[in-house]
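All chains are identified by letter, namely A, B, C and D, in their written order; residue positions are counted from 1 within each chain.
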Amino acid sequence: MADLSTDRMTTWLLEAAADLEQAKAYLTELDAPIGDSDHGVNMARGFAAVRDKLTAAPPADVGTLLKTVAMTLISTVGGASGPLYGTFFLQAAGKAAGKTSLTLAEWTECFEAGLTGLMARGKAQPGEKTMVDALTPALAALKAAAGQPLEQALAAAAAAAEQGMKDTIPMLAHKGRASYLGERSIGHQDPGATSSHLLLRRLAEPAG
Amino acid sequence: MKKLINAPEAVVAEALEGMEAAHSSLIKVCRAPDFIMRADAPVAGKVALVSGGGSGHEPMHGGFVGRGMLDAACPGAVFTSPTPDQMFEASKAVNGGAGVLHIVKNYTGDVLNFEMAADLARAEGIAVESVVIDDDVAVEDSTWTAGRRGVGTTVLAEKICGGLAERKAPLTAVAEMCRRVNAQGRSMGMALSACTVPHVGKPSFDLADDEMEIGIGIHGEPGRHRVKLEKADRITEMLMEPVLADLPFKSGDPVLMFVNGMGATPAVELYIIYRKAAEIARKHGLKVVRNLVGSYITSLDMAGTSITLLKMDEEMLTCWDAPVLTPSLRWGA
Amino acid sequence: MKKLINAPEAVVAEALEGMEAAHSSLIKVCRAPDFIMRADAPVAGKVALVSGGGSGHEPMHGGFVGRGMLDAACPGAVFTSPTPDQMFEASKAVNGGAGVLHIVKNYTGDVLNFEMAADLARAEGIAVESVVIDDDVAVEDSTWTAGRRGVGTTVLAEKICGGLAERKAPLTAVAEMCRRVNAQGRSMGMALSACTVPHVGKPSFDLADDEMEIGIGIHGEPGRHRVKLEKADRITEMLMEPVLADLPFKSGDPVLMFVNGMGATPAVELYIIYRKAAEIARKHGLKVVRNLVGSYITSLDMAGTSITLLKMDEEMLTCWDAPVLTPSLRWGA
Amino acid sequence: MADLSTDRMTTWLLEAAADLEQAKAYLTELDAPIGDSDHGVNMARGFAAVRDKLTAAPPADVGTLLKTVAMTLISTVGGASGPLYGTFFLQAAGKAAGKTSLTLAEWTECFEAGLTGLMARGKAQPGEKTMVDALTPALAALKAAAGQPLEQALAAAAAAAEQGMKDTIPMLAHKGRASYLGERSIGHQDPGATSSHLLLRRLAEPAG
């Protein structure tokens, strides 16, 4: 399994949906001190809809898959994370149009397009205590792993996302609701960075 | 958690059903995607006003749908921005040919979702203007942050722009008015107790019996500062000072003063706050020409208050006084 | 105790000052003895409506003073009936020559004090009629007790009689209408949490997290039964059943349904209750021809709700729909 | 001091005002489980006004004194207890008109007129868990003590009021707010009976 097939990607997103359902309370708790206590519920709601869509009509190629995920998240998540993750998947889908599987290089390209779109939509930069802080190092890891085996690259990306997630703890928030708290945002892990890590970890470690 | 609900997941849908049952002569509730619209929408030749946001701030926005105020309101999940399809479908449904104004509170989620909705609507040839309300002086304004939150001024903007739109003013003028209201309105809020989000089941923060939060928003987030509980007069000063210190209030200005309850604050307490706020405004040389006292933009069952001052001009006064016929704000009709 | 107040002793006076500052075009606040009166009272040739009771139930009664509703309201200390001199002076001040109707909630204190006031007013040659509202089905009616409490129907009686008085109906007719409204209105309330009386400083009863009180009044007294917390739909049934079981509702009757918040209940919860109550009424064959949803007769910061059903007739409908211009109820003007 | 002089009566009411100020929280607490938590505040407010009135212009005879107390209570107490105690003192005043002191027989007559008026105003009978349950045995004790020394009679009346007050505990309330509670009113001492006892005890035992 050297490439990311449509099947593998579909499995990823279905398993991620289960993860997010499980992590609902945890993510919502992270969102309480520096946000509005809904990130877990938002993500679980969105990915439950994704799961229903993918189960009802499994997409034939990765492009369609990612686009379905994008549209579903946009119309069911709401909040900040809905349009942001939605844009990520939408832009990624653009690079995967018609493809039934992705090489590491192709996935890296999708990921980069996705992240660029997300950052443009949210006007966020790394260091502002958002999901961008998990996704940016993940992209860097994917790029650094160019040429290496796919699984190794995905594991590196997940590890980088985890580190990026943890690195949000001491950060002062500049974007999203946490920014309203000023100094009081320091010392809390960003919920969006946490859900980003969760997604990438599951891609690297399918439950099978 | 003690709430008059059936299930956390059902809160928004069931409240919508209740509103529809109670106010069917004024509003129509559309489902999947969810929005509330004026019973007589679209009104031909009138600019349509669409707002929306997370639920839990009732009566805002659904309670303000009707003649002289909003044409549609899109309710999200509790404290969660609605989605672009809600806003898009609402905009299509109420567009009377004169275009649609999106009144958006400045929260990343609301802004991003309304942006996407505006793109979708424009792609269908609907003229859309968006105005983002960001009046909360508790939040430092800077290009490095998400900026100020949209709070109390939103209610006033919806009423005033609704009055103007009813007179068939063009979209640019209604949007211009909305920007003016936003530029001239400032708010600040505080909480005696946190609210409990239904699906969370416990208060979003804990406050000791002798503490309060100053500079809260409307989503159960903690405020800027946690301080010792004070008497009502001192609390009023703590809210009025930053509001007055911020532009644009100067001696002689006519203002509208809006003393708002956060959801669990009895009317009697709001009048005690109003009394002191009016006194402070007077000392500052302001003329309180209109007021609004009540719970209009809330945070579920939070106990607390916010004060909004809006510098008025003649046109704004006329639009404020114009008839309004909605479930939660009504006069002259 | 967390309240937006300065001192327990100052609550009533400061809230009155706030009301006067906020609504000077509608009302006038008189002090020592305290009462709130219509700004344009006395209205010549119109029957004057005077009500009153302990404070802590705002907006009732002060918020209902104005054109089309009350001519005067007498606020007592928190949860304490006002005194005869307040009622007497208020009656003198608003009497426009057509006599005065005292609308009295059935509590021993209110009844006795209003009795004394009526005696004083009659001694000065003022025609006074008194109607006692006793609509609370939670209380068993018997000649051996103080009888049923006056609750939600009071608000409806004040509006409907206000509408009739505005049309210059004579005192006997207005009093007759008030008795009819009382005879045809029934209420029942519940609490999720007790209220805290300012001078007491702690909740008037303790409820566990999974308990509620059914059959409460509006003075922080415990209800008839303490039971396990239920979902909103079941709670609605528990309120509607005794209301419907009591005379006078039968299939086909047109009713006004009033879902009231006790002071700390968010609007979203009231609509969830309204939804179910309307469904139950429909199943019972009743036609809900009018409604009122909001916190109009409260018990300080109590969380809970009450439901009032009023069987309507044509004249009552006309009077209900008539314009009203008060701080807290306003339409058609 | 065989008779109740205007001075003695004035002292009684001033001392009672101090007692009620002291008992404010206690009476209010009694009013919480079966009422609306205001009896202590009501009585304290009313008697503070009585104290101010009596200090500003000490009445010259018992009749005027009792009438001043009545009018002051009526216009400052509110609630149920205001008109009830007001009526008691007003009717008692009627029997003391112009008198500068009262014999035991005269005080008994005043008391009876007061209680009769109070019961008529409140439509209450003994056994309904109200102040009537303290005042009725007190009147009976006064009558039974006819011909005995005044102080002994006042002590007997106070003791009877105390017993009557305690007897309200097991009663089911038929009048006042407590009646709304039905069975739940049982087991609580009536606040009004308690304030009645307090008044009569002070008459029997001047602080001096």
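Miscellaneous remarks
Following the convention adopted for this analysis, contacts are C-beta pairs under 8 Å (C-beta built on N, C-alpha and C of every residue); 3 or more make two chains touch, one makes a residue touch a chain.
Remember, predicted model here, so these are calculated numbers, not experimental data.
Contacts with chain A and chain C are shared by B.
Seen from the Cα centre of chain A, the chain whose own Cα centre is farthest off is D.
Chain A and chain D have centres, each the mean of its CA atoms, that are 76 Å apart.
Rounded to whole angstrom, the centroid-to-centroid distance between chain B and chain C, based on C-alpha atoms, equals 29 Å. Mean C-alpha position of chain B lies 55 Å from that of chain D. Chain centres here are Cα means. That of chain A falls 32 Å from that of chain B.
Contact topology of the protein chains: linear, an open path with no closing contact. Screening every pair of chains for touch gives A-B, B-C, C-D. Residues of chain B touching chain C in their complex: 1-7, 11, 14-19, 21-22, 55-56, 58-59, 63, 192-193, 209, 212, 229, 231-233, 235, 263-275, 278-279, 291, 293, 295, 298, 300-301, 303-305, 327-328, 330-333. By the touch criterion stated above, chain A contacts chain B in their complex at residues 28, 32-38, 41-42, 45, 74-84, 86, 121-122, 173-177, 179-182, 184. Taken together, the chain B residues at the contact with chain A in this complex read 33, 54, 76-85, 107-109, 112-113, 115-116, 138-140, 144-146, 149, 197, 199-200, 204-205, 217, 219-222, 224.
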